[in-house]
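To start, the structure itself, in structure tokens.
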Amino acid sequence: MAIRALVWGENVHERRNRVVAQVYPHGMHQTIADALNTDSAIRAETATLDQPGHGITPQRLAQTDVLLWWGHAAHGDVSDAVTDMVCNAVWSGMGAIFLHSAHFSKPFKRLMGAPCNLTWREAGERERLWLTTRNHPIAAGLPDHFELENEEMYGEPFGVPEPLETVFVSWFQGGEVFRSGLTWRRGAGNVFYFRPGHETYPTYHDATVQTVLRNAVKWAHNPAPRLADPGAAPNVPVAKAPEPITERGPRLHHDGAPGLR
Amino acid sequence: MAIRALVWGENVHERRNRVVAQVYPHGMHQTIADALNTDSAIRAETATLDQPGHGITPQRLAQTDVLLWWGHAAHGDVSDAVTDMVCNAVWSGMGAIFLHSAHFSKPFKRLMGAPCNLTWREAGERERLWLTTRNHPIAAGLPDHFELENEEMYGEPFGVPEPLETVFVSWFQGGEVFRSGLTWRRGAGNVFYFRPGHETYPTYHDATVQTVLRNAVKWAHNPAPRLADPGAAPNVPVAKAPEPITERGPRLHHDGAPGLR
Amino acid sequence: MAIRALVWGENVHERRNRVVAQVYPHGMHQTIADALNTDSAIRAETATLDQPGHGITPQRLAQTDVLLWWGHAAHGDVSDAVTDMVCNAVWSGMGAIFLHSAHFSKPFKRLMGAPCNLTWREAGERERLWLTTRNHPIAAGLPDHFELENEEMYGEPFGVPEPLETVFVSWFQGGEVFRSGLTWRRGAGNVFYFRPGHETYPTYHDATVQTVLRNAVKWAHNPAPRLADPGAAPNVPVAKAPEPITERGPRLHHDGAPGLR
Amino acid sequence: MAIRALVWGENVHERRNRVVAQVYPHGMHQTIADALNTDSAIRAETATLDQPGHGITPQRLAQTDVLLWWGHAAHGDVSDAVTDMVCNAVWSGMGAIFLHSAHFSKPFKRLMGAPCNLTWREAGERERLWLTTRNHPIAAGLPDHFELENEEMYGEPFGVPEPLETVFVSWFQGGEVFRSGLTWRRGAGNVFYFRPGHETYPTYHDATVQTVLRNAVKWAHNPAPRLADPGAAPNVPVAKAPEPITERGPRLHHDGAPGLR
């Protein structure tokens, strides 16, 4: 069965900015979804900010194996309710891929627990991405480096927690570097951040970038059944302790009482 | 100069529950602060939930090298403003130590980006903590294992991100295990979680536990000057790029424009 | 195409010790291979110490996706040449799973760069393995914990480098704990250590243990083509630098010279 | 008491190559030791390959808090005995800092368990090192980036295990990047790799590089008493199990028997 991907796009600059509209006439989300759908192992749909509930419901996330998220101009317009839904889905096992300016999106910042800040410059400069680990699944089929002739610069320090793995590091023409591909696990969900994708450049039309996105969807997919309640903190009564024990000493809670939160 | 520690205590059960009040007549926070102050390299103060602003201001956190946090009954009463202050201080370089039921405190969950859930049982059973890495600074002076005759059980899976280091793992009489000492870094701040400390038992009077707390304060202390704005994302104008470049292609932002958030 | 697994067994105690021979009449390696072969996605063979070259050649490893290794009595009899072959194969992308007493095998110690020591007791006590991360691929289909009624105890501190992920932690009846399932990456190869499997007990006949082994083989399998020379350190001549540069200053090496090792 | 640093230098090119001799007339090891000794908190000595036993004995390592290692032309001349001594000392708690071409030294490769390979070019190009994490102790007092006008290029992929922390990433004029400052723990010992330091350039005369080296020595220093036998794997007899148990089932070992290795 195909991996069910959902590409969430803010879809603001595509409609308001002539340059972006020319590069992505159907929206960045559609270009990304089309790129994923060239692989029969993936079946990608889209959702956008302007749809009711931003196109996201718990039911839809329950049917999503991997969520891709692109946002920039309107991070603040994403509701806290949707942010909560996305984080819960990740914790329960949904994969999540955050693209470019989504480093400052609400769900990414919430999942990282860190400022996720960086330095930046919009000058159409050359970016060269290097693999730091050969044969990582996210780098399947890639050469040791590849270039994007025009990109926005993002520079270190990148304010994220130490990743599980660093997959890509970028070189920028103007003199900066950036850890451009990083993995984490949050609950049962695999999380990947991929740096390229400024909206005024044709990055998501690039064949190598599209390969990375397809690889990342496969990597992020956790085929295990989704956890029903990823934040459950069940009491284990004395009678059900794996080893027989006798209760001792004072206690705060009555039998069967829920824990304090 | 001594390390400035601030012990934040919820101070609810100490006042409402007779058993807890007997074990900690001056509050758990005071017992912990007293234990830290036996070391002349540390100067510990306290703050509690019932104080104005929970006893926490940005100014006070700016004067705090390491914050210790204990909460259980009233996590929900901690204001979002204080949670934000604490996270910002950690990102700017303040150390933070979360104790026992603080696994479900707002600042810890925010810093982890994960559910932080576990299983639990209040039966006064024996806990034995094992070092997983000898000679870690947090374990200075400790034997390979030590026991607490009566503790609440916390069981795996513990819903936190993979740590930088696992320092302690607990064995419980009833058959469970738990990663009881874990380290992370968030921004410039060192974070440590230490499991023991249920309020109905005299855990914080235990000499070995007190040694761990003093060690942890020293480990978490980052002597570097605090970052003024840990979430800053400055634009680097073309003219100030480390390498000379010429701007190319279309752009969204005007010179000197703030980034989008 | 099926994943090609190779189960390497020392096959010493199975022949010399009556108890072990009764539990594993065809050798532990054969029991493990049979368990893997119940899954049509895996095709497992075996090799043993007493075969010429321990049954291992570079050609055979090149045809192996995942190597499983069990040894105990005769670690010192494994040749350095075979150890080198195994490490090179891992670095080039072969998965490797080290079982129980293989913590002290030459290839594992070489890949870890650490003492890999622990404490131990052979008393047939109960071991209970707990998941530390739900829905990890290695734990697919498993409950939160499972038991082995008779096992050898291994206790912390376990002298290995911090893992990428801790998947299992064991509770022992005699009071110890152990990180029983740990993952690392070495070069392009995925490495997993799994604790259970003392030769006098029927551990590898246990259905849950067999599930873990099958899961681990699938997790360790890296489908990327094997790296031809995983230790290559090629010179990049000035003329082939990604960005045009002019050579400056003194140099040690002539053009096309191999690096120093 | 001052931290006792030992700077080990190969001291080959300094004597055979006129260019290197001019840059480092007293040897690179002496320049580094002098830089460390400007800080009264450090007391640095030197040792070189041409001394008896390469200037290294178990006794001398027992009196060394942090070892710095530079080698290039003569990695193969370092004896396996000295390599074993160094690894044992690290596992027992000695800090170790590997400099530049020491990525291919025997002790570093042994501690990493990985190929430690990279790409390289000797063209005197500009290197710019970026902090990836602000306020890391190794980066104390440093700006967000600093430059070395002439350096050898080292390029990714760098064949080392995922580090605990990435502290620096380098930008090279010729278009490559490299993770230039990485930390690991091996046993009780802290390990740091720092990239710059090609022998034909005056890198170790650079004030910022010297600051990094002093910071790194302080970071790597583990004040805990050295472990006597970092590879010990003691048996825990049934009578000394933390919890009372009764021996069950068959066993291989007699009471008090040493384990198998």
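By letter and in written order, the chains are A, B, C and D; residue numbering begins at 1 in each of them.
The definition used in the following text is that a residue touches a chain if its C-beta (ideal position, glycine included) is under 8 Å from a C-beta of that chain, and two chains touch if they have at least 3 such contacts.
Fair warning: this is a prediction, and the values are worked out from it, not measured in the lab.
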item: Comparison of B-D and A-B (more C-beta pairs in contact); value: A-B
item: Most widely separated chain from subunit B, with each centre as the mean of CA atoms; value: C
item: Copies subunit C and subunit B - interface residue numbers shared by over half, same or different; value: same
item: Averaged-CA centre spacing for the pair subunit D and subunit B, given as whole angstrom; value: 31
item: Gap in Å, rounded to a whole number, between the CA centres of subunit C and subunit B; value: 36
item: Euclidean distance of C-alpha centroids - subunit A vs subunit B, Å; value: 27
item: Shared interface positions of subunit D, touching two or more other chains; value: 128, 133-134, 155, 162, 164-165, 171, 173, 175-176, 185, 187, 242-243
item: Contacting residues of subunit C [partner subunit B, same complex]; value: 128, 130-134, 144, 155-158, 162, 164-166, 169-172, 175-177, 179
item: Parts of subunit C lying in touch with subunit D, wherever the complex brings them together; value: 13, 17, 19-20, 72-73, 75-76, 87, 91, 101, 104, 110-115, 117-125, 150, 153, 155, 159, 161-162, 164, 173-176, 184-187, 199-201, 230-238, 241-243, 245-253, 259-261
item: Touching residues on subunit A, where the partner in the complex is subunit C; value: 93, 128, 133-137, 140, 145, 147, 164-165, 171, 173, 185, 187-188, 222-224, 227, 242-243
